[in-house]
Amino acid sequence: MTLKVGVIGTGAIGQEHINRLNNKLAGAQVVAASDIDAAAARAAVAKLAPGAKVHADGRAVIADPNVDAVVVTSWGPTHEEFVLAAIAAGKPVFCEKPLATTADACLKIVNAEIAAGRHLVQVGFMRRYDSGYRALKKAIDDGAIGAPLMVHCAHRNPSVPEAYVSSMAIVDTFIHEIDVLRWLIGDDYASAQVIVPRNTRLTHSKLDDPIIVMLATKGGIRIDGEVFVNCQYGYDIRCQVVGEDGVADLPEPQSVPLRREGRFSTAILQDWKLRFIDSYDVELQDWIDATKLGKVDGPNAWDGYFAAVTADACLEAQRTGAVVPIVTTPRPVFYDKG
Amino acid sequence: MTLKVGVIGTGAIGQEHINRLNNKLAGAQVVAASDIDAAAARAAVAKLAPGAKVHADGRAVIADPNVDAVVVTSWGPTHEEFVLAAIAAGKPVFCEKPLATTADACLKIVNAEIAAGRHLVQVGFMRRYDSGYRALKKAIDDGAIGAPLMVHCAHRNPSVPEAYVSSMAIVDTFIHEIDVLRWLIGDDYASAQVIVPRNTRLTHSKLDDPIIVMLATKGGIRIDGEVFVNCQYGYDIRCQVVGEDGVADLPEPQSVPLRREGRFSTAILQDWKLRFIDSYDVELQDWIDATKLGKVDGPNAWDGYFAAVTADACLEAQRTGAVVPIVTTPRPVFYDKG
Amino acid sequence: MTLKVGVIGTGAIGQEHINRLNNKLAGAQVVAASDIDAAAARAAVAKLAPGAKVHADGRAVIADPNVDAVVVTSWGPTHEEFVLAAIAAGKPVFCEKPLATTADACLKIVNAEIAAGRHLVQVGFMRRYDSGYRALKKAIDDGAIGAPLMVHCAHRNPSVPEAYVSSMAIVDTFIHEIDVLRWLIGDDYASAQVIVPRNTRLTHSKLDDPIIVMLATKGGIRIDGEVFVNCQYGYDIRCQVVGEDGVADLPEPQSVPLRREGRFSTAILQDWKLRFIDSYDVELQDWIDATKLGKVDGPNAWDGYFAAVTADACLEAQRTGAVVPIVTTPRPVFYDKG
Amino acid sequence: MTLKVGVIGTGAIGQEHINRLNNKLAGAQVVAASDIDAAAARAAVAKLAPGAKVHADGRAVIADPNVDAVVVTSWGPTHEEFVLAAIAAGKPVFCEKPLATTADACLKIVNAEIAAGRHLVQVGFMRRYDSGYRALKKAIDDGAIGAPLMVHCAHRNPSVPEAYVSSMAIVDTFIHEIDVLRWLIGDDYASAQVIVPRNTRLTHSKLDDPIIVMLATKGGIRIDGEVFVNCQYGYDIRCQVVGEDGVADLPEPQSVPLRREGRFSTAILQDWKLRFIDSYDVELQDWIDATKLGKVDGPNAWDGYFAAVTADACLEAQRTGAVVPIVTTPRPVFYDKG
C-alpha cells in the first residue's frame, strides 16, 4: 500500500519533502500540492512529482479524496488552520515546526485531536531522528551513565542575517533543544532563566548574542544551553549529559581526520542544513510507516504545545532576567504512552 | 518508471537485498526470484515481495520478460553462469562479490560484456559506497594531502569460525581492501608480498593470523595491509593515506563518547554486518538510478577481474613468501572513463 | 646562590615540598623546619633534609637567621600568623592555600605587605603552573579565539569522605577554579549565583552534590562551573573558553589510547594528587627562581584576598539561592603589573 | 652528595646538558668541560657553569681528579676514544648517540666494560624516558593488549636540509625507533627489509623519501616503520602496538583543542627538539641518580652495540632491497638483567 500524500506549501523545505516522499523514501507518493504562489506549486510538482494535482489552497489539498495524509510546510501563521482542518477531515498530518504560533493555538489543536479521538498530528522536530541523539538516548536509557542530573549543551551558528533578533534565539534556534532535550531525558520543564553574557562584537543592536538558557525540570535536572549564533567558526551542536554514574556526549558528525600544515584537524560543518539532513529522511520514513499503521510515533501535538509554552517562558525570562515558571495544562491521558 | 528486478538466490544477503529493493529504496520493485531451495524462495517472496513470481532457477528469472534487471546473490560458483546469461539476455546485472571464482572466468565475463557492446555488469563491492571512504576519497581528490605515497590499513575481526583458513584472509577478507584501495588511490597494482608475523595464540593450525599484505602500485604507491581476524577486541577497519603534503584517515564509525568507570571511551563494533550496513542501501539505490539511465557507475566487470587477479597474486605470495607480480590483460578501451 | 628555605608544617604536603625543594628542584636547600608535632618534624627532616634544623615553632623558623625564605604548609588557621610574621621579618613567604581563613585576614596581609613596601607573599594556587592551563592561556592571549565571552567548566571527583559538606564544594574544591579562571581570562568577578540540581543518590544529607556555580565578571564574561564530587567515574577537570572567534579547551591529561574488549578508550585519573603533580614542581621552581630575583611572579596576596572574597560570595549564594555581588576594596596600585 | 660531572663537547646539545646538569636538575654539578673550540668551551662554562674548569681536551676532562663522571657530547667519531678512556679511568660515562660510529667499535666498548667488571656506560637514547613511551610500555607490560604481534610506526619530519641523504634516514632518524622499539617490546631483531615507495616530489636526488623499514624480531613480531622526512606537515612520531588481545598507541603530545575557522584541531609540533625535550631532563636526572648508586639503569653499551648492528643491516637492506639478517655476537651474561 502506498500512502498518498498532499503537501501544503512548496517553498524550500516543501520541495525537499516532496522530493523525499516521492523519489527517495519507500511507500509514499505525492498526489496533491498547493502554495500561496500557485505558479511555484506547479513548477515544484512538475519537477518533483509529475502527475500530482495542484490545488488552489491548502484546504482543497486536505479535502482531495485522493489524499490519505497531509504535510504542512507553509508559512508558520497558517499551520494552525491547516492542522485543524486535517483533524476535522480525519486525515493524518505532519506539520513542520512550529505546530502553531502561540501556545493557545497549540492547545486548541491538542483539544481538537482529543475530541477526534485519534492520534493524527506529528510535529517536525527532526532532531529526535538524528542518529547521534538516538545513540545518546539509547546510552542513557540503557543506564550507561545512571540517572541524568545535568545537561550542558550549545547551539552555535557561524552567523545570522540582520533580520535575526533576540527572540529568534529562542523560537527559531533553541526551540530544537527545547524539544529534543525533553525527549532525551524524559522529563518535563519546570522553569527557565536566561543569562546574557557580554555581546560578541559581531552582533547588532537588536540581538543579544550569545545567551545561556537555564532550564530546570520537574525532576530537578538542570540544563544550561548556550545559544551563540555568530560564533564564526561553524555550525556546532553540542550536548553533554551528566548522570549519577557517568557522562555521555552527543557524537560529532563524521569527518576525515587530516594532518596538514601543522594541524591535526577535522572539519566543522558550516551549513546547518547539512547537520540534520539525514534525520529528515528518517523522520519522514518513520512518519510514512507509522501513518500506515494508524499511529503517531514521533513528536505529537502535546509535544508541540509543550515546546510552545516553554519557548514563551524562555522569552519572558530573556526579557526580564527573572526565573520564569513553565506551566502547562495537565497532561491529558490521551497522550500517555502505551 | 519503476525498475523491475529479478533476484537469484534468496539466502541471507538475498533476502536483505529483496527487502531493500522492494521496501526501503525508491524506484525498484522485486518481480521475480529463485533459489536452489525453492521453498526458501517462496517464503522470502511471501514475506518481503508478495506478488513476485518464484521461478524454478536463475535462468528462468533472467528470461522472465517482466524482469528489467537481475541481482545475483546465489552461491559464488554459480555467479559466472548467471552473469553471462544476463549479458546474453541484454539485461543489467548486479552480482555480489566475487564476480566469478577464477580470474579466467572474470575475464570471460569482461569479454562477453565488451562483445555485447553495452555496460551491464556491476559487482557488489559495497565499501565504495561507505560515507567514510567516500569522504576520504573526496579529501584525496580535492588535494588535501597531495599525491598519495603510502597507505597503511588494517582489517580486523574479533574472531572467525574454525572453517576459516589462511586463503580466506585474502579472498573473503582482504578482497574488500583490494577493490576499495585501488578505487581510493586511482592506481593499479603491480606486485604483492605477504608477511607473516608470529601467529596469535587464538588461531588454529590452518590459519596464519595475523598477516600483513604489501602491495605496490604501478605508480609506486606502497600499501601495507594488516589482516587480523582473531583480534578479539572488535571489527575495526582502518585506513590511513600518506600523501606528499599531508595525511588523511578513514573516519571512525559514530559512537557516543562515554566517561564511566575510570575510562573515556567509545564503542567498537563487534559485528561486521553493522559496519557497512548503510553502504548497501547507497550501493543499491545508486545501482537502481544508474541502471534506469542505462549506465554502470559502480565497480564493473573489469574491477571484478582486477580484484580476482590481485587476489590470486596475494594467495601465491602468501604460499611462497615471494614478491609476486600482478599481471592482467591490457585494460580494454571499453572500460575507459568517459 | 642557593635559596635557604624554612618550612613550617611537615604534614603530607609539607613533606612533599621539603622533598621537592631539597632533592628534586634546583637552587634551593631546606635548612629549617617545624611542626606542631615536633617528632614528626624531626622524622621528616631526617629523611628528606638531613642537616636542617628543627625549630620549636613556626615563628622560630622565620626568625632563624639562616633562613632566606619561608614555606607555610601548616594548618589553614595558622597561615595568617606565619605570613604576617614573615612579612614583618622581611622574608619572602610561599603560603599554601588558603592565604588566610577569612577575607578580612587576607586583607590584613595585603595591607601588611604594602606597608612593608616589598612583594613577599605567594599563594599556593598550583593550577596556574599546569602545562595544560598554561597552553590554554597562551592560546587565548595569542588571540586564537578572540575575546572570551563564556567559560564552561567542571570539577569532578570520584567521591568524597563523609566529612565533606556543602561549603567545602566552594572553599576546598571550586576555590581552584576561582583563582585559575580569573587568571586565565584576565578579568575580575562581579557576582555569583549557585544552582542546585537534584542531588545524586550517592551523596549524604549534609552535601548538595552536584552544584553549578555561575560567575559574572566585571567585563561581562559568564562562567558556569559544575562541581560534582561524587561523580564516580574519575577525577576530571574540564574547561572550555568560548571567544568571539572560536573555542578552546583545556587539554586532557596524556593517556595511552587502547582498543580492547569492544571499546576504544583512554584512562581517566582517579586520584586528584596525580592530576597536578607536575605543576607543584613548576610552581616551586618558579618561586625559587623569582625569589632569588626579589620578585613574586605567581599568585600574590591580592589574589589570595580576591579568592577569599569570591568564595565568601559563592557560599552566600549557595545558602540563599540569590545572585550575590562580589565586592572587594579597590585594587591597590602596589599590585599593578609592571 | 653532589655528582661532579665533566662535559666533553660544548656544542648545542652539550650546552643544553651543562645547563640541565648544573641549573635544572638536582644532585649534580658541572666541574669541568672541554671542546675542540676552546673559546666556545670557555664561553659555555662562563654562562652556564661558572667555576667549572676548562680543559684542553676530553682526555684531560676524564683525568681531572675532581670529575666523578663524564658526559660525552662531542662529534660522533670521537665517542669511541672518550668512552674507552672513561672506562679505563673507571669513571661512569654518559655518551650521546651513537655510542661509536661502527658496530665493531661499539663491541670494543662492550668488551672493555666487561673487562672493567663494572657497569659504567650509558647511551643517550632519550626516547626511553619519554612519558608517552613509558606509559605505552607500562600498558604492554601490564598485559593490557596481550603478547605483541606487530608494531606499526612512523617517524615524520616536516623537511630536512639538502645534506641529508638516504643513509641518514637510518642512522640519524630511524635509529631512535631501532632502540626504543626493542626496549618497548622486549625482543631482539632478527632481520631487516627496506621498501621504497615512489619518492615525494619534495626530496632530492640523493635521498629516497619516504621509505618503510620492516623488522622481524627473534620472537616473530613484525615491525613496519615509515620514515618520511619531508612530510611537510610536522614532526610526528607514531607508534601502534598490536597484541593478541588489543591495540595500544603512543599518546599524542598535549595540545589545546581549538574550534576556529571551520576546523576542530590540535597543533602538531614543527620542531623535533620540542617533542622529547622533557625526556632529556628525565634521562639525565635518572642517570645522575643511578650513577650515584653505582648503577646503569638506562640504555647500556650492549644496547648501543645492538643498535649499531641493526642500523648496518638496515643500510644494507636499503642498498640491496633484500631481507638482511641481523646478527650480533652472543649477548654476554654481564648484560643480563638482575
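Side notes on the structure shown:
Per-chain numbering from 1; labels A, B, C and D assigned in written order.
As a convention for this text, contacts are C-beta pairs under 8 Å (C-beta built on N, C-alpha and C of every residue); 3 or more make two chains touch, one makes a residue touch a chain.
Only a predicted model underlies this, so the values are computations on that prediction, with no experimental measurement involved.
Listed here as common contacts of chain A and chain B: C, D. When the interfaces B-D and B-C are ranked by how many C-beta pairs touch across them, B-D comes first. Centroids of chain B and chain C (each the mean of its C-alpha atoms) stand 59 Å apart. Taking each chain's centre as the mean of its C-alpha atoms, chain B lies 45 Å from chain D.
The multi-chain contact residues of chain C, meaning those touching 2 or more other chains, are 232-233, 245-247, 259-261.
Interface residues of chain B facing chain A in the complex, by the touch rule stated above, are 23-27, 131-132, 135-136, 138-139, 144-145, 245-251, 254-261. Every residue of chain B that touches chain D in the complex is listed here, in rising order: 146-147, 149-150, 152, 154, 195, 197-198, 200-202, 210, 212, 214, 216, 219-222, 224, 226, 228, 231-233, 242, 244-247.
On the side of chain B, the complex with chain C involves touching residues 232-234, 236, 252, 259-268, 270.
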